[in-house]
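Here's the structure, in structure tokens; my notes come after.
Just so it is clear, A, B and C label the chains in written order, and each chain counts residues from 1 on its own.
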Amino acid sequence: MPGVTSGTGDGTSVSGAGALVPLSSEARSLSVYPLHHGLKPPLARIAISWARGNALRVSFFRQPSGRDSDGAAEVGGKVIEVKLSDGDGDIGDAQFRKIAYGSVSPFALLQSRRNSLATMSKISSPYHFEWWEYVMEYSRDIKALLGNPKSLASPLIDDPKTVLKNVEEPTSLKAAWELMEIFYVDKLSQSWLPERLVDWLADYDCLLSSTQATIHSKLVDFQKELVTLQVIEDNPKYWEVISSALAVGWLDIVVKMLRLHGSYQLDQINNRETENGLVEAVAVLISKMPRLRPELESGRLGECYKAKPDFVKAWEKWRAQITKLDCSAYWVRCGHHQTREGLRNMLQLMLGNTNSLCTATCHWIELFISHFLYIRPFTAGLESMYNMAQKCMQFKPMSGSHGLLGLIIGILGENTEVVLAECSREFGPWMVAHAIELLTAESDQAETLLREEHDNLGGISIEELHRLVYAQVLSSHSLTWQIAPIYLASCIKQGMGLLEILLSKQPVQNNQVLLKIIEICRLYELDSVSSNIMKIAGVYHWKHGRKGSGVFWLQQARDEVRLNRIAQQLFDSVGKSISDESFKQWEGLIELLGSESKTAGGLEFLHKYRDFKKSLKQVNDGKTNDAARQAVESLISLMKNPSTPQRFWLPLLFDSLKLLSWQERPLLNVSQTNLLLNKLQELSMARLRPDFIEADLPNQALSSVRLALATNLGRAILEE
Amino acid sequence: MEKSLATFDNGTTCSAWNHCGQRLATGSADGTLSIFDSQDPASTSSSFTCTSKSRIHEAQAGIVKVVWVPPEYGDAVACICADGTMSLWEEVVEDAQPLQWKQCKSFKSNSSKVLDIQFGISLTSLKMVAAHSDGHVKVFELLDSLEMKNWQLQAEFQNVIESVSTFGKASCISASISWNPHRGESQDSSFVLGFNSDTPQLNSSKVWEFDQAHQRWLPVAELALPADKGDQVHAVAWAPNIGRPYEVIAVATLKGIAIWHLGLDPDLDGRLSVEKVALLSGHEGEVWQMEWDMSGMTLATTGNDGMVRLWQSNLNGVWHEQAAFEPTS
Amino acid sequence: MAITATATGTALRDPPQIHRFPQTKYIDSVRWLPQLSAFDRFAVLSLFDSDSNTPSLEIHSLNPQSQTLTLTPQSTFSPPSRISSLKTSQTPSHKPLIAASTFSGSLHLLFANAVDASLESECSVPAKELHVGAVSCVDVKDGGAECVTVGEDGRVNLVGVTGSGLSCRRVFDSDGLVSYTAAKWASPVEFATGGYGFSLQWWDQRKPGGAVSQFKGNWTQGTTSGIVHSIDIHPSRKHTCLAGGSLGTVFAWDLRWQQQPIILSGIGAGDAAIPSACESEVWEVQYDCYTKSTNMGNISSSRILPAIICSEDGILAVVEQDEEPIELLAEPCAINSFDIDRENPSDMICSFEWESIAILTRP
């Protein structure tokens, strides 16, 4: 659908799917993308065609021209395909497919749980009190697909000079997912939301560096310098970076960096005892920082308090210790100016000095997070968070906008529509289709908004719309289209309609694809689609010279009309070739058609005709009486059978002349002869009709058959 | 990402993809019909190479339009030539010859030219609607489900609502036909048709439906406001309907692209309710072609401003231009 | 797909150990490469890169020494089009041999080094010489001197390795009246083919001119039928063809009781007494020499030995006559192919539709 591809030349990633999201008030400027065709102008015409899903094929035709200077004919036109797909520009196609494959099972499981809950508890709302736990499980499964970044501040190998590890690149997709999980699903995290956001920023601050400077980017820069620095504490940047890291609570990094302080070096300790003592005192205070959270990863610094009263007590005590240290007389005895100032600034940060925090942070979100750590650890409620964020933004205006920030603002502003719009614009249809489960996990308001049916959308909900859009994205790739049915099946109103169209646009030439379509039809009980596709396959194979496969598929499709037509066509060939060498080839086909099979239509005639011809051949070969009797039986059964085409009557009888005028004794009895005479009579009547098809036989054929029959009748009467 | 799929010979004028996007047919000014196939049978977006070229013998002029026949009837195309003749071509193995494209039927008329044709599948058979330069519409029916040779003229009428029409000899420049893409067993077949002609009565798009009981075609709706009825129609496109309680049809005239909603239930006179929900402007001048995506939610258009534009409705039902593509070399 | 399928198979008490190897390409087929040394193990993958639309055939080495099992690409071959059928065998001089046929109709025989599995030489038959359109199946005779190829065009060809080149011989041409979708050697002079309508044909090179025996599955009374996708013939039961195909069908055709197939699995049979390992296409079937028949006392030559199947609905299972199938894997996507390691029959490799490979080691 409508999203427009990234990388069409201007380097920006744009997803038009955003327009399907309720942002009608927003004035959107029209995006114009260049389409490179590489043809010499002028163009005479352009033609368009939708391929599967949201791939658009554009044909360009040049004005017809003569030969160019080299004498070679110029290219007269070109067709290019444009994929108007998702906006997730930072992941590759293969990675996207991996995510698409992996999210099928969690999604399907969640849908089936919803359905079974809905049937189980018809009395109340389907939302069992444990529903969020199911969504949480779903969320965890999906999150596991989105990459597994190691946390920023967990040093693995203790190289003292490496404060920042080269961690696996975290993805915006995962960052956004986690954010929604924190706010919308994970009930357990509600009591320690601020700390969860601290963790979140620690994991994903690096992503924000792409648009503007962050503490992470500062750290990265400093890390490069670090190796060359001799007296680290003389460098103002050292103190700047330390306080920045402290401001956002990356305690491990702070303590590690503090311990790089020159005063720790063995040869220095004596001279710089006080200095070292102060550094260590600050490091100890930092590592004892009380945190309002159930647990910390092992090795992480800080002391956890689950209950608020305990935390308050510890927090007061800790701050008292900081104040005490701040007022300590030792500072005077600290000879190193930078150390003294740097450490005291850190104490100010920990005491929640707004100015210091503002200076230490780069990005408004960092300032925002620092508030949770040092000023308002009990911040609760989205409204107060939103106000706080607004304030932080005033202090640190954004220089560029990052998708994640729009998402955060939307979440804090409790605006589901904005959240959805940001998800769609920034992360594409996959994200929206899957994140709606998170948005509606706990919120009735979001549920109403997203699951309500809209007349403007042709009677579907926003949730269904986004699933349809995602299914269409899946449909445009030959490896992912077969996932689309899972999502379409969850679209109550229009899913099956789109599935039928999707299936009817699949190629039938390849058996594996064809069988997959038929299997999907079986699972979703789309019998008429299935038989139509088998019909297409049947005609395709038949017309392309694979008559056996053609008949097989037409039989599967129960296409009596075409099978009867094929029977007509086969009669001609059979009549010509059955006696000669190629007879053996027909065996296989006739076997395949079967004699009893109802679905074979008039083809059962073929079976009998073959038997007749076989015995006739034996008669001609000289094997007489028994063969002759058999041939007569076949003839009678053929002539009796209503599926024997009329135009075959005369040729059959003409072929049987030898039987009709059998020398030794009449082979047909009176009633049999009468039957044949009646048929002959019928035939004479039929000849008068304009649509009669004259058999390719000698002119006297009819009369000689009639004569033979009359003679036979006479002999039969005499015999009886 | 944009990806080049195939290049055409000099003089190529038109192209058409088959139902699954795996084969491409092109027509050229010298009357050559070319077929392009994908190298890999299971993948749809690899590169395509020309696998067959045939010359249309009778044609005195080039091919102006190629239309694929529904796949239930094999791999076949109809070619309309500039001289107004139309022929059907089919890929088939016959009489121990290798697979090849063969002409199986040719339609000629001395009095008028064929301007547009489209195929539709009804309950029992394949139907072909042809719009002629004299303003006549002919509906043919295929008599044989396996061969493309025998066609029967099922109906012939003019694109007017009132059957008693009094106007002189019409002269039409172009016509556009679009079948209702839905192939339900319960539904009668229907199509929409508009003309670009010198006769105002013929122009406006009318929806025609086959009345099974009386075996005749009836106009069930007219897609034009009273003031616009004489407007010349450049293109029509009937959107796929995956579950809406109404049909959506796009009609392009010089005034812009109108989006129409068409009710599903006929009133006492057998007419369907119509509502014009949007008039989209963007293409200056003539619209060449309009195509709905598979869900019927996005309309792609192209016109003589040389642009490709995409249109969508938002959640409030307001139609707008979603994106535009500007061809550059 | 397994999400919706209701597989009836019972799970194993000791489930196999499974290692998964995600790829970034579609895997059409996967095989073990017969090897000389017990230390080096190699797998052959036929791949298709949908981003660049390029098919490839890759030999990967399996490294069991390291703690985590790894698959490392060793050598690559670029076929002219996507590979439709892949088999491995050994030449009379015990060189690993790979036979690959393509959708464009060509056949490629690749000879690998017995030690490091590097590709040493290649012989091929270009498209259009063997078949009109795709080769649907190729099988290599044990010992590797000859291949049989079949196609939907109705042709049956033999391709022999003669010194440095290949010699082709057409055994039969039905002119499209019968299409073949599977082939398997039974003996140096006999092979079996399968096709539409659950049909099987038996061919004997000593009796040219056509199939010596034919079978058509008509247990469905013409209501629904299917296609044979894979055939296996056990070296000790050369008179029995084991075939897998549509509707979860696995059946055996004993040449001695021509028109009475033994149905091991399938939903199309209309017989509720027959257990069904899966409901969709059985893409591949192979006799399983690792599973000991549960009915040891009753090994008559008419009893069908245990076999393994993989299916479109994501099942990898052991099926045995009159026994409940034993599920080894139930995936949410199709299992396109699998192979049992001839030297270590407890080990299996299989390929999933969702661009990944798994190696299973049974306890």
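Assume contacts are C-beta pairs under 8 Å (C-beta built on N, C-alpha and C of every residue); 3 or more make two chains touch, one makes a residue touch a chain.
From a predicted model like this one, the values you see are computed outputs, not experimental measurements.
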item	value
Most distant chain from chain B, judged by the mean position of its C-alpha atoms	C
Contact-richer chain pair (by C-beta pairs counted) among A-B and B-C	A-B
Centre-most chain [mean C-alpha coordinates]	A
Inter-chain centre distance, chain A versus chain C - centres from mean C-alpha coordinates, in Å	30
Geometric centre distance via CA averages, chain B-chain A, whole Å	31
Intercentroid distance (Cα basis), chain C paired with chain B, Å	46
Interface hub residues of chain C, defined as touching at least two other chains	50, 132, 175-176
Numbers and ranges of chain A residues touching at least 2 other chains	478, 545
Multi-partner residues of chain B (each touching 2 or more other chains)	41-43, 45, 93, 99
Parts of chain C lying in touch with chain A, wherever the complex brings them together	1, 3-4, 22, 24, 26, 50-51, 132, 152-154, 174-179, 181, 195-197, 199, 209-210, 214, 216, 218, 221-222, 224-225, 227, 246, 279-281, 312-313, 332-334, 353-355
Chain A residues within the chain C interface of the complex	93-94, 97-98, 101, 104-105, 108-109, 112, 477-479, 482, 486, 511, 515-516, 519, 522-523, 541, 545-549, 552, 555-556, 582, 584-589, 591-592, 594, 596-600
Chain C contact footprint on chain B (complex, rising order)	39-43, 45-47, 93, 96, 98-99
Complex contacts: residues of chain A adjacent to chain B	1-2, 4-5, 7-8, 16, 19-22, 24, 28, 30-41, 43-62, 64-65, 73-84, 454-460, 462, 468, 472, 475, 478, 493-494, 496-498, 500-502, 504-510, 512-513, 528, 532, 535-536, 539-540, 542-545, 561-562, 565-566, 569
Sites on chain C touched by chain B in the complex	48, 50, 53, 55, 81-82, 103-104, 132, 134, 175-176
